[in-house]
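Worksheet for the structure shown next.
Chain lettering (A, B, C and D) follows the sequence in which the chains are written, and residue indices restart at 1 in each chain.
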Amino acid sequence: MVTEDKRSWGMVIDTDKCNGCSGCVTACQVENNIPLNDQNKFERGRVMSWIRIERYWEGEFPDVKARFIPILCQHCANAPCEPVCPVYATYHNDEGLNIQVYNRCVGTRYCANGCPYIVRFFNYWEPAWPEDLRNHLNPDVTIRSRGIMEKCSFCIQRIKRGSRKAKEENRELQDGEIKPACQEACSTNAIVFGDLNDPNSEVSKLSKSESDRKYTLMPQLNTDPNVVYLATIDPLKYKDLGEKAKSNEH
Amino acid sequence: MQQRDNQNRLSQEYTNRVLLNGTLSTPRWWYPLVSVLLFFVVIGFILFGIQIKYGLGVTGLNRPVYWGLYITTFVFWVGISHAGIMISAILRITQAEWRRPVTRAAEILTIFSLATALVFPLIHAGRTWRIVYWLIPYDAARGIWPNIRSPLFMDPIAISTYLTGSTLFLFVALIPDLAVLRDRTTGFRKGFYTILALGWRGNPRQWKMQVVGGILLSALMLPIFVSVHSIVSWDFAVTPAVEGWHSTIFAPYFVIGAVHSGVSAVVTMMALMRWGWGWNDFIRPEHFDALARLLTVVATAWLGFTFLELLFALYGLDAPEIALREMQIFQYPWNLLFLTFLLTGYILPVPMWLFKRVRTNIALMFWSSILVNIGMWLERFLIIVPGLARKSPFVFTWEAYSPSWFEWYVLFWSFCWVTLLMLLFSRVFPLVPLFEQKESEVFSDSIKIGRATVPTIFREEEEEEED
Amino acid sequence: MSTNEHHMEWPPSDPKVVKEELFSSTKKGSSSLKTISKFLGVLSVLGLVGLIGKFLIDGGDQTQWGYVAAILAFIFSVTGGAPMVAIAPFIAKANWARPISRMAHVIGASAVIVNIIIMIPLLWMLPPLVVEGARRRSIWFEAPVYSPHFWDFLSLIMLAIAGLGLLYVSALPDFAIMRDNSEGFRKKIGKFLAGGFVGSTVQWSTLRMRVGVMSTLYFFIYIFVHVVISIDFSLSMVPGWRDAIYPMAHAMGGIQGGVALVIILAWIMRKYGNYENYLNINVFWALGRLMFATSLMWIYFFYSAFIVFWYGKSMSDNAWLDLLIRGPMVYVFILGMLFSFVFPWWWLIWNKVRNSINGPVIGAFIALIGVFFERIRIYVPAWSVDPKLIHDKWLTVIPGTLYPDIWDILLILGSISFVVLTVIFISRIIPFIGVWEVQQFNLLAKPVKYIKAHGIRVAKPD
Amino acid sequence: MEIIILRKTIEYIKKLDSTTPLWVKVLVPLIGVGGLTTLAIISILLAGLMNAWLGQPLPVLGFEQTFDQPINFPHTKHAGPIEDGGLGMDCTYCHRTVAKASSAHIPAVELCASCHRAVGSYESEDLTQLRVNSGIYEDKENNQVIVDSEMASPINWRRVHRLPDHVRFVHSAHINYLSNNPSAIENVPDHINIEGLDAVPASQVCSTCHGDVANMEKVYQVEPLKMGQCVNCHRKNGGPTDCAACHH
């Protein structure tokens, strides 16, 4: 475990494991006090969802296959959203997180234009919940008022809580101890979160062992994301292997 | 009354009387027009209040089109503001004589359009009431200052510098006229003009100081003039994520476009001034002629830059960029807007200006200059909105953006607001500089070359008085 | 500079005196001029040797041709930029530029042969539009495969024709004077070139119209040539380099060099051609301001591109910075920036410097060196890029610094010498100040005293 | 210097023509001479005002007010030092989670009732109300104890120390740090002596932000609790100054 100030939180998302169940989306919505997306919001293109699943069809009907990519804030080391904010409402902290400071934000929406992944969301109205959902809000997460930007924080409240707990118990933070809501909800373990600077963490190991499948989104923009994707495994590539194995059995 | 003196120049008495007709008396249309405009302006302010109270949901903005009509209009007004310095400073330095009656109008257009432009980022921001964080370096307890790297932070600095400079520039040129007004008014107004005229007596030393001040300010204003729209353009150009924005040509392209629209706005204004106050002897067809020639050159350069921008958009053979351009140029409804933009921005007005008969026809110049500004507004719209509404790989809201009536009203409001400010200004200060007009009458003469009589201009050699 | 001295330098008003004074410079040739010409001739031959040597030795290797491309770009853009000094004031009806417009036109026509000679092998080296079956990045999207080669060459020829045409059209009355006032060889040339020009009203108005049309045409061709050549010869050789202002920055650098050339030539003519009365301080003052303005324009265009790349930070943006600024040519970049902008700007910002004879010349020399460095900084790294990378999305391998070999140096010296030699040659035929331009100048402007102020009364014909 | 200015001013007034109104004659030189000075003074005043507004403690804006709580809870009686007539109870007796969780925990009614069912005057209105809220209370008229779970309800205490919604303040981290670093404790009340100690109990560090609550009849806010104060303390004690430390 590396020391606290040299952490770099990152995520590995195995798109081969993702079955598009949207569990992460719901979990995130609940954990982070995101207002509900109703029909009106969809119609006006004002949906808020810090993590979303993009679905791509492959092939022609009926031989059609769906591919899913969960997209969330990539926490770029070289984030295009950061230098453009006139009030430093978004910046990079020393744990490799791209932070959005709600109280500094004045709502110029410049960062949203700078973001190539379009994962930043603007509060066009004051957020509202149905009466019976009011008491379900997470007290550890700020409720964003109208006129400010918000985005995935890698569940920073959980990171803070986990590190605080480790500190109070006077021990090192264990890998896998902190799980963002999306990872916790993922039914197929497609999402792994951890410290990229720790060579023994699962994220580092995964991104190393699966290096031939590893890719990041939009590398041409040089954003250096902290979210690493593992490509879907092409079954055709292993078809021969399987048939070989079959013939060997006989 | 005799209009021309014995040297066939417009008499100074006549000049004073006619050019002060909006200030010392009130045209008949003034009060009705001002009250109508005031009505619209007040409604606009009420709407701002509503927007601040309920949030930006009242606009048609969405994801990913986060910037829409407000920013378009902001850029548009910043563009219009480039008229003033272009006409007063650049033409002063290049000694273009025909600038004289136009300077004042261009400068106040600059000031009021800039003041209006400055309002738009405030309207546009999500939390207008927090903007004090943004404009003023605030208390150091938090140890965080505004982000100097952000073009959006440089914007207010550049614009307010330009505004301050333009105001000074206007004031320096206004002093002799204020003295004229001081000597012709009584009571409260006299007091007002006396204070503003700073004790102007018109002695040689004061004149020299006034000229030196004007030249110094011209030279100082030029870099600011260029920087303002360059920085506005970098608001867009520095974002690599938006294909249609990340272009190196943006700064000069925006500046030249701004001059195009700004000078056109001055033409519109001159026609209105001529009609409204009857200054036919001072705002003459040859001024329109000269402005139209300037506009022809500027517009052609601007079209060249537009062409270069499109050329390089296609140059990279990048699929997203080509998809964006295809949407911008060929897909409904952008294609109609694009066609209108090209027609009104260049294809209709500029060939018209090639004919002297058009250039000296005030009505035609009026309408063609309005066409230009429709085109230039659309240009900004077509850069900003399709750039954001592009077919990005991660968003499925492609139908993009249709501005709400709220935004349209704010656009309308901005025109009412600028016009109102100008009309109020005209009631207090003369819109055509009296002293420039008289100076030009004194300096111009005509000589006979062969059989032709050619107008001449006396040019003082300012440099020699340095020693 | 005191007032009296200043007003002594004014073109004489007697047309005969003007004619004689101006034509005298074409006739008297000092022995040192001959020596210089011989020396330049030898250098020019060596330059040709250099080009041939380069072709024989590095004929197959594109990466070695950067300096050749740079010298071509330098010569064609600065000599081509010079006529702008005549064209812009002509369009703006500025009277002051009349005495130097001939020199500007001469410079514009002086590099025709050199340009075409250097261009031919470079076209040979230019990669085709379709490489290994795939179309590379270029402005010629769907055009035939050899479009770059064809249009580059054609545009250069067009520029040459336009430059020669401009010179010829504006020198027509002087040829007529030559025909009427000289003997022998010169008379024959004059007769041949002047045609039937006798100075009738129709001929004069046609002449004015022709100069106007040629000027406008030249301006558009110049911009077109810059767009085409600067993109084909540098920008499209580097994968990922996408810079929309680049052709304009390139052209602006050329115009800056052109102004510098005009200033230098005017200074030489004033000093050695006895043209003090024609090329007075007003001309240098105006040229100095122009020089200052072009330097500012150039840095503005450069900076517009620079800041977008600097902020953009994408892969191709970084590659641009690596290749052209902090990469193999970093020292040349610094020198270019100093000489193109910092020094001329800080020198010419002072009115005392601009308003003198020697001040603008020093600025012009500095700026000319700056333009030279700047062209090297752009072309040499661009040509050094490995041609195998041409289909990449962005440049991944930054080439090392390429130093000029002996052939490059010979070519650089030789080509510049040949241009100078051409100018000297032209100076033997026609005067470097148009007689008719001076006449017009005298008609339209006159130093006058108004009450207590000194000034010039300028007529503004429509 | 002043004499020169005065003389110039008089000269200026003399130069004004007779048609000029008197007030202009007075005002113009005043503006002329005093313009820059006035501007300077105004700028200094404005700067001071800005500084005062941004750096002030909250009381100026009226945050020092105390609230009438639904039940008058006298901290002096419970936590006040014994010599002053208090019980000297530990803060953490009621605010039990203060060293373990992010919030300090307002005690449940049952905790109050566990003592006050027996202790305290039966005449006191406050205590009667408390007992009613606890759900077990004495009906005076019928003189019988009623157990009515429907009546049991939490007391609607009014919050005195309020932080904005965008600030996440964690009590446990601060209490633990301060109790292990007593030198960082501020506002130490007179009756507590922590000098020279290496560690102090959790209940002795509260005063840093809350002041001497034990001696407050009604609790009020003593510290501004603005961001400046947080950051200053964090800087002094090496706490994190990352925005995300508190804002998320």
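Following the convention adopted for this analysis, contacts are C-beta pairs under 8 Å (C-beta built on N, C-alpha and C of every residue); 3 or more make two chains touch, one makes a residue touch a chain.
These numbers come from a predicted model, not from an experiment.
A count of C-beta contacts for the chain pairs A-D and A-B puts A-B on top. Closest chain to the protein centre (all Cα atoms averaged), using per-chain Cα means: B. One inter-chain figure worth recording: chain C and chain D are separated by 74 Å, centre to centre, where each centre is the mean of the chain's CA atoms. With each centre defined as the average position of its C-alpha atoms, the distance from chain A to chain D rounds to 39 Å. Separation between the centroids of chain A and chain B, computed from CA atoms only, is 46 Å. If each chain is reduced to the centroid of its CA atoms, chain A and chain C end up 57 Å from each other. Looking at chain C, residues 311, 313-314, 317 sit in touch with two or more other chains.
Chain B has residues 238-240 in contact with two or more other chains.
Here chain A touches chain D in the complex through residues 91, 93-94, 97, 99, 101-104, 140-143, 153, 156-157, 160, 164, 167-168, going by the rule given at the top. By the touch criterion given at the top, residues 1-3, 6, 91-92, 135, 137-139, 141, 223, 227, 231, 236, 240, 242-248, 285, 300-301, 303-305, 307-309, 311-314, 317, 351, 355, 443-444, 448, 450, 453-461 of chain C touch chain B in their complex. Those residues of chain A that touch chain C in the complex are listed here as 78, 80, 83, 219-222.
On the side of chain B, the complex with chain C involves touching residues 94, 97, 226, 230, 234, 237-240, 246-252, 297, 304-305, 308-309, 311-317, 445, 447, 449, 452, 454-461, 463-464, 466-467.
Remark: chain A residues 44-47, 54, 71, 80, 83-88, 104-110, 112-119, 121-126, 145-149, 221 touch chain B in the complex.
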